[in-house]
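These are the structures, in structure tokens.
Both complexes below contain chain A, partnered by chain B and then by chain C.
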Partner chain A sequence: MADHSGVSHGVARTSRERTAEQKLVETEKITKYRELEDEVRAAVVRNEYTPELFQLTSKLLRINPEYYTIWNVRRRSLISGLLSKRSAGSSPSKASPSTSPTATTTTPSAASSSSSSTATPPVPESSTAGKSSSTADEPAFPPSNPGDETAAAEQKDREILRLELDFTIPLLMKSPKCYWIWNYRLWILQQAIERLQVAVSRRIWEEELGLVEKMLNRDKRNFHAWGYRRHVVEQLESSSLAGASMVETEFEYTTKMIRQDLSNFSAWHRRSKLIPRLLDERHADDMVRKDFLDRELNFIREKLNVGPEDYSLWYYHQFLMLNLLNYVGHPTIAPTLTNDERAAYITREIDDIKDLLEDYPDYKLIYEALLDYTLSLCQVEGRKPDSSEKEQLIEWLRQLKRLDPMRDGRWTDLERDCGLLKLGFGKN
Partner chain B sequence: MSENAANLPEELQLITEAHVKYIQSLDTRKDDYEYWLTEHLRLNGLYWGLTALHILGHPGALPRDETIDFVLSCQHENGGFGAAPGHDAHMLSTVSAVQILAMVDAFDELQARGKGNGRAQVGSYIADLQNRQTGTFAGDEWGEHDTRFLYGALNALSLLGLLHLVDVDKAVEHIAACANFDGGYGSGPGAESHAAQIFTCVAALSIAGRKDLIDIDRLGRWLSERQVGRGGLNGRPEKKEDSCYSWWVLSSLEMIGKTHWIDRDSLVAFILSCQDLQGGGIADRPGDMVDVWHTVFSITGLSLLGYPGLQPVDAVYCLPKSTVQRVLG
Partner chain C sequence: MESLGDTLWDIVICGTGLQQSLLALSLSRTGKKILHIDPNEYYGGPDAAFSLQEAEAWVDRHASISSGVFRSASITKPEGSAGLSFSRAYSLALTPQLIHARSKLLSQLVSSRAYKQVEFLAVGSFFTFKPSTDPEQKPTLARVPSTREDVAFETTLSLKAKRGLMKFLKFVLDFEGETQLAVWQPHANSPFNEFLQQEFKMDAELQKYIITLTLSLDGQMSTRDGLAIIYRHLTSMGFFGPGFAAVYPKWGGISEIAQVACRAGAVGGAVYMLGTGIKSQEISDNDIELQLTSGDKVKTKLLVQADDKTEGTFSISRLTAIVASPLKGLFESVVEGAPLPAVSVTAFPAGALQTEAGESYEYPVYVVAHSSDTGECPAGQSILYLSALTTPHSQDVLKKALESFLESVGDKQIPQRLFELHYEQGRGSVESKASGLIFTLPNVSPSLAFDDAALDPIKTAWGVVMGEDASNTEYMAFPDREHADEEMSDE
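So, the complex of A and B:
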């Protein structure tokens, strides 16, 4: 198996029987592994978070990156000596970076003692010392006095953090879905925020976007990588990294990913999530919003015309159509449209989709969309389906049952609901 | 359903005895390198194995005393449990510990032999991991947040009768922020819908008594679309089917009353085709290596599908219904 998550995905079944020679090799591996593990544990029990222990964690994690306790031992080794002493607490769970003022994340406190005294326990510095060594509003430049010990400590921290980031790369390439590696990397990056000058740590964070790019090129749907990208962008936008909104460039990024591959469901999803903020930040007025909606609808309609079997396209189309309903609690692209305008939009889409049927009579997604949007139209107009619509609904449901018998229960429920069609149907 | 299952060809029957033996063998494979590399999952693995055995109707197939001793040997002074002795405490292993103790009816042993003041110590470990501003839960002191941990916390605390230790309303607010327009939920706000994360969110809302927040129609649609190809379920659009989603998708459908929106017979057939007929255990897909994770979530899935001879499973807790009834009354 590719990693040691204990869960086999897509690994072909082989015989559990081994030859005597294989067994011997296996026993040898186990012995070595357990010796290494024992060595680490013994040091932890003695509370000896030395550079030697740190090296052992490298060895062990390269063999088994799923061993979360060892990542914690590595963190403790860093805090206990390798990294400079500092005033802030070491628990990142308390940090709420998007709201934290810059004042809390400037230069770390001066560690006057040598930071290489690795065996000393992590005694927090008094915070007053830290405050006197730097001013809260000092901007993002290296300290003016090059002899400053703070600068030296920071330089050393920077090197260590860089090495740590490098350490995780081959592990991520080998086990791209291992939560613990991603978490550790984020913890290191958080240390950069807490220990380094804003400009320096910002550069480090910016480089993370390159890593995400690489990971997404290898697997465009890796949700660890997408989640990581969201987190990195959030941090880059936050005051702790002297950031500003990146919604425009992020939106462009989704456009780029979609152009590369129309079926990139994750990119469509991200796009749908960015739009409300994008329009807000553009201070878009009603006209601009309507134009935006038109452009998105045109774009997706064009794509659907050639790829009506693509679930991702319909997903995004559904998102746009939901914006035409008064979907309670969800921000809308064009909130001031009148009901008549909404109905006109929906009718236009229904007509276009009906045209698709001529070329593609056997794609269930088309029938599903027609059903869905016809019911939406009735909802917007506050009425029940008329008799010709009812006939169409019955026909589309018949097609759905033919093309998609697996979900027969759902079509039957829908059929029943359409037959009854109580007021307010579809508002669920 | 039961008639249909009986009509399946012989090789597509659930080979209960072989699965029991497979699970019993898991802790004896000490000459297997993989056994040592997966120690960080030992307590979770015990929960998976024991749950599968209970659902298969063999609750006594693992020795009860040894089970309790092992669970308690994983506990730290702060009340949390690690994956095995010597492993750091974490939410995931702590939840497994509570679930195992619930299954073997040993909360009294926890009270008597656990660290500090028994149940309350475990409760405070879990409660301390809640971020009181956002309602989310961290996995451990290092701070990763994920709806998996939020669900785990509500699951274990409610079993322990200690739900009042956390801000349930805030937790619910956080789940609401993870909702997507397709009716699904992601690992955090902004994340795309994923079947396993949906299970954690829907189950957490169930425990909190807030299923009213779920967009049942849209969620049901999304979940039912997970059935593909020969009948197996996938976890996200345009992904391959995988037997473990038999649990994540089906339990979510069960909680919103829509299991009839997928085709039961072809799913049963798919799950059964993932069995290792020689060695026991169930794989992600036919012909692949088996593991205890896919074994348990296939068997609990079959239980939800009403497969004959299996004990009923609770869709919210992923425990035998009898356990949940005994603990929650």
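So, the complex of A and C:
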């Protein structure tokens, strides 16, 4: 028999109304939550950073990962007992009262500053009851010599850090944009650099890169993920992880992302930022640089050819044009081009963009680009627009007024500034 | 337990092809008394998938038949069968069809919950065969671009041609809009290629790309049909994930869906009997008495069967080849984050192939390649399903196509051909027929991509069975069964 009770179109209906029973269930949940929270806060006030407190933070954070204070409590739990004590010679603990903030206010993209501010409150070795061994059920055996002790400590730390990373994963799946979870991950990753051998921490960071890639595949234009990726790559390139430059693979990665979606503004932006270092590391001479510029212009030309409405594509084209125009005091792709060569490049671009008008007569960004670049060409050649250019400028401004009437004032201003109104060409 | 003859059945369904099986699925929660029989010893009817032994037995039955859906069946083993694995390592689909992501079939499988039993694989790139212009060079396959990104990264078309292609793709995506209708409706019934040429100035090259995407077997569809088919392809692209527009069920394609549907019918209480057909029938006012080949006599209020006669001259020639190579180049994912495809399509445009006698074959030929990920052959091998409109020379042309295709994909050596199945497949009536207590489902034309039109007669049959209840029952929409996973065990 077909049974449709409670089900509509095969999908359970989510109701906004709550029955008395549901209200009761919710009230119980709230009470339990408050009790949990009170327990945690009480322990913090008493400075009792025990493994029990640590477990309580797990419970609380699973319910509410946005409660950033509790992430701090968790950090302190780790530092004050669960993770191994750092010996006097290693990085000094910045002693300060227990209320010192850790990375609570930074976003993942600015995370590099947060990772150095892991202020650790001083905790007396012997005081708190129940403090000691690792979260795992490891027997505490007395190490026979200092070397073993360090190795054992590192092994313990490694496991704890891995468990912490695992802990955040289901939370991330549920709340992929929660800053506090990502911050905590970064803090754990930084601990890995400080506490573990280079080979081990490097592998952990490489896995992190894999995780960011998964995030970016899910949401290609996640601006925060791109920032996070940049930070991860920076660390992987740094000496603290025995790194080498990754600029080539990063550049290739932007190509892959663009292949997936032309409109990926973040990918184009990243690409533009990588180019100066890319060319430097390739020890590119003038010919190689010119060739690179030609290829990038060709690359963007093909994209504009199919996506003239797309602002991110025009943004990148402008970036390349600025390379030709704004070369004084800026690192550019081909700094030794002569003025004539620059003019030739701009002229070619203008001609190619005019071709687009054949098939795309109604995209305002095309007219804007033609306007911009024609004026730039005149600048480069140190002259004013000639009469045929003026006619074109008037026509393009006319189109812009038609396609973008909201900015009518701007187009009129431009007409005036270019001396086009006085000549009595093109009314309205 | 009651014997079959004691029950007055609500419906007897004859045949377990996709259509009859979907009917059983649609009725699986009604509690109606359903007897579902099939004269074959296997599920799937014309949509079945065969092991090598089953294929050989099937060929024996169809070698000399000159009527019915299938005829002129034969098997050849051109290079000996040294590399062939055991019979059950293969699952050769008689009617291989890919299913577009936006197909109504998939949404019905979802709403009826049957989709959980099926594993879907991605259909990847579409290629057009390009003969070599230089005798020293081998022929190549050109990937057909169907997204903006594809077009931007494609390397053989000119900028101008690409703009033309983009304009067309944009036009199709909104082909039912006012401006667009004004452009194509006057030409709705004229040939699609002419429309492409006149309205979009598409040269022969670009037209070939578009025709490939239509999977049309006679290359001559109307503008209206062409636009609808391309629209289906484009809107399906990326619908389930990046990089693919269609899916293919693992373990034999449509046959797998038919089996899953029958399983659902059985869980719902229907009685299944393979190897059982109808010997004779006696129709009275309120029921039909059927004499089954099993010796049972059953009475039913309604009989649903499929049309097994073919009408008209439309017929497809098929060549199914098992090849000793994984043909990895055909199954690459082109876009980051896309699943690895298990199926790819290559079209030989009309006029690309010649018969032995040197005559040009004026229809397209399609090669649908399946990797071992489909479960249809062992790892290290692939299956090539070739199809072409039947002419006196079509089998010849298929052989040529296979040879040229293998030449273009072979790396250093031309891949070895282990087993080849040849047959012809016809189309029956397109209309369902209801005469009194017998409902005959049409034998739908075997296209290369599943056609949603095939679903309409099934709903009509469902309506006949449901009677008055049809108006207040939603079609193919069921909640999850409790303990669903425990009940449905794999066979």
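By our rule, the second predicted complex is superposed on the first by the 322 of 428 C-alpha atoms of A that agree within 3 Å, B and C clash if a C-alpha of one lies under 4 Å from a C-alpha of the other, contacts with A are read in each partner's own complex, and residues count from 1 in each chain.
Note that in this section contacts are C-beta pairs under 8 Å (C-beta built on N, C-alpha and C of every residue); 3 or more make two chains touch, one makes a residue touch a chain.
Note that the coordinates shown come from a computational prediction; the quantities given were computed from them, not determined experimentally.
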Q) In the superposed arrangement, does A:E248 touch chain B (first), chain C (second), both or neither? A) neither
Q) So, A:D413: does it touch chain B (first), chain C (second), both, or neither? A) first
Q: Compare chain B and chain C by how many residues of chain A each one touches, and report the one with more.
A: B
Q: Pick one for A:S266: touches chain B only (first), chain C only (second), both, or neither.
A: first
**Q.** Which of chain B and chain C A:D386 touches, first, second, both or neither
**A.** neither
Q) After superposition on the shared chain, which partner residues are touched by A:L322: those of chain B (first), chain C (second), both, or neither? A) first
Q.
Between chain B and chain C, whom does A:I30 touch in the aligned arrangement: first, second, both, or neither?
A. first
**Q.** Which of chain B and chain C A:K303 touches, first, second, both or neither
**A.** second
Q) Do any residues of chain A touch both chain B and chain C, and if so, which are they? A) 1, 4, 7, 9-10
Q. Which residues of chain B touch chain A in the complex?
A. 31-34, 36-41, 45, 82-83, 86-88, 90, 129, 131, 133-134, 138, 140-144, 180-182, 187-188, 190-194, 215-218, 220-221, 224-225, 227, 231, 236-240, 242, 258, 260-263, 266, 276, 279, 283-285, 287-294
Q. Which of the residues in chain A come into contact with chain C in the complex?
A. 1-4, 7, 9-10, 217, 256-262, 301-303, 305-307, 355-356, 358-360
Q.
Applying the document's contact rule, which stretches of chain C touch chain A when the two form their complex?
A. 29-31, 111, 113, 148-149, 151-153, 159-160, 162-164, 166-167, 242, 334-337, 473-474, 477-479
Q.
Residue numbers of chain A touching chain B in their complex, please.
A. 1, 4-14, 16, 23, 26-27, 29-30, 33-34, 37, 41, 63-64, 66-69, 72, 75, 91-96, 179, 183, 186-187, 221, 223, 226-227, 230, 263, 265-266, 269-270, 272-273, 311-312, 315, 318-319, 322, 327, 330, 405-410, 413, 426, 428
